[in-house]
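Let me give you the structure first, and then I'll get to my questions.
Chain IDs A, B and C follow the sequence of writing; residue 1 opens each chain.
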Amino acid sequence: MIKTDINGDIGIISLDRPPVNAINPELVSDLTDALDSFKSNDDVNGVILQGRDGCFSAGLDITHLFPKDRSYIEGFWEDFSSLLLNMFSYPKPLYSSIGGHCPAGGTVMVIMSDYRIMSKGNYFIGLNEVDVGLTVPYGIGMVFQYVVGNRNAEDLLLKAKLISPDKALQVGLVDELCNAENLLDTTLERIAVASNLYSPQQTKTKQILREQTLSIVEQNFDKDAQLILDAWFSEHGQQRLEVLYSKLSRK
Amino acid sequence: MIKTDINGDIGIISLDRPPVNAINPELVSDLTDALDSFKSNDDVNGVILQGRDGCFSAGLDITHLFPKDRSYIEGFWEDFSSLLLNMFSYPKPLYSSIGGHCPAGGTVMVIMSDYRIMSKGNYFIGLNEVDVGLTVPYGIGMVFQYVVGNRNAEDLLLKAKLISPDKALQVGLVDELCNAENLLDTTLERIAVASNLYSPQQTKTKQILREQTLSIVEQNFDKDAQLILDAWFSEHGQQRLEVLYSKLSRK
Amino acid sequence: MIKTDINGDIGIISLDRPPVNAINPELVSDLTDALDSFKSNDDVNGVILQGRDGCFSAGLDITHLFPKDRSYIEGFWEDFSSLLLNMFSYPKPLYSSIGGHCPAGGTVMVIMSDYRIMSKGNYFIGLNEVDVGLTVPYGIGMVFQYVVGNRNAEDLLLKAKLISPDKALQVGLVDELCNAENLLDTTLERIAVASNLYSPQQTKTKQILREQTLSIVEQNFDKDAQLILDAWFSEHGQQRLEVLYSKLSRK
């Protein structure tokens, strides 16, 4: 479900759960372990997260999650948001190589990283939570604002926009576009500038820059779980999720 | 003074106090009522605020207000800033159609909405409070920063700049420009993307994104009233307001 | 070490410590005095800070500071950060004319001012603290984010980037570029728009816009001194500073 590799001093984590890297409890757990392992590995000065060709991740595994009860979803959400918190406060440079579609939970993961490079192509990226009956919780909303700014955050989130790589570059949701065949090499080139300077001082500087946002995320950690659960199990949420579930189950 | 209309599921509020929609207590009160009425109307999923052809609003009615005493201005300011707070925390999509001039109090109202479309033309928009002897209070300053960012906010507010539609688009004070004849239709088209997704989850997401700013606005609500009153009745403030009053009274 | 002049109602402070305006205790003290003197001068409505032709400032005087002990550095840092705090909360318009190189401590000073105009040319500007073994402390980090936004701040600071005037304009680290021969005249022209409106209301508005950031800076004032001292006297910090010290001493 997760493959790891080391290139020089850069750890590479590849999400590999065909066909679309749908996020289920096992993927969350394996990704958490991979990040922890590179964190404590003194030979690793930076980490790249990538998906599969054509798809970084399609988001949460609704087929698996929709039939589950409230306590199951609660446990899953707690693990998933702990993973996100670990990513946003990761002490080493953490870059994303986005080689294709990256909606919903895919976007949620990559905004936690330091830098996003996306393949040019007919792909989409964005947070469509509001369209599937979910609230964008504090943790994800604050980081999204941190990345794209207030006006873009409102425009994209309240309209549940899934956008092209070109538009994502324009609003700052990704930092750079490149051709699919150069994606990993370009990401390795970019992260080298940061990983060459990896030091306690760099880590502390990153923590200082993210501290205001991180503190709001942490303060609302429990409240966010309730927001997600309430929306998920609301009448409106169940209706929207069922539409999605039926569509995905037919595939 | 205020006309309301409903187009599909969109409520339209038109300021109509000739010649320039100067903001007086009655306009504040009527606009508050119109917003409240659309808020509680289950057939309305979004609201558009527009002014008159060629003028959204010239700002506060100085001719009416300047001769008044401190307690009158205090009451007026309290009502006006409650209106602004209602707009910034409006639960439904709230868009502005700006068909002309929109200085001072005009700008103050439209920055509270979610999205601003302005007519191309020889119009101006901006906050010139500092030039008329007033302080930009916390509530308005924080929302202005939320919309245009810190650097643009300083540049525009400390220099009391009134700017063209083109410049307003460039600094992010408006989101889009269009020809006057298409203004309302374009706004209806844009708001539809948001109003089609109107739901408790969308409302909650908007609230989460605005909460940090709203909280500073609310904390400084009383302090702001004192700031405005102190500036208004300071020697410098009275001098600047009298210049404005004389100019307006001669018309 | 500091020359002052008055042009109309604008105070001009010129850093003049050949060859590169390296920041030592005396320069900090003289600059503090010059700013205080213009602050209390009722004939001065705005202040311009400039360096030498080709070099605004190369940053801290490492040749002087590196051999010193912890208590000396602590005293120096306290004075330097008090100066920065005075600049960020300066009640009058404070503009920077950047006529050349402006790395490290040079950048730290100019980001505290209201507006930055830089000469076109083969110069560099930026904060390379992380590359010389130092942490970017809260005070400097928060103001840097205030000026260039979160994403640019991370990209520039974690990679310790020194950038060209063109790139600095693009990311918002400077507000405008001009030819060296017009630099002071252009800055005088720009500051006039603000200084003509200098009033208690303008000062209060500036204070309101900067208050959130200033408050974080002040809260972390003591913690920042410890961060700098710990990084300075860490093994990694001493190694990096010694490299710099040797390079500078050979000149």
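Note that in this section contacts are C-beta pairs under 8 Å (C-beta built on N, C-alpha and C of every residue); 3 or more make two chains touch, one makes a residue touch a chain.
Here the structure is a predicted model, which is why all the values come from computation and not from measurement.
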### Query
Which is it for copies chain B and chain C: same residues on both faces, with over half shared, or different residues?
different
### Task
Determine how many degrees of rotation, between 0 and 180 and to the nearest 5, align the Cα atoms of chain A with the equivalent atoms in chain B.
120
### Intercentroid distance (Cα basis), chain C paired with chain B, Å
36
### Message
Which positions in chain A are in touch with at least two other chains?
### Response
149
### Of chain B, residues touching chain C in the complex
129-131, 133-138, 141, 145, 149-151, 153-155, 157-160, 216, 227, 231, 234, 236-237
### Query
Which of the residues in chain C come into contact with chain B in the complex?
93, 114-115, 146-147, 149, 172, 175, 193-194, 197, 199-202, 204-206, 208-209, 211-213
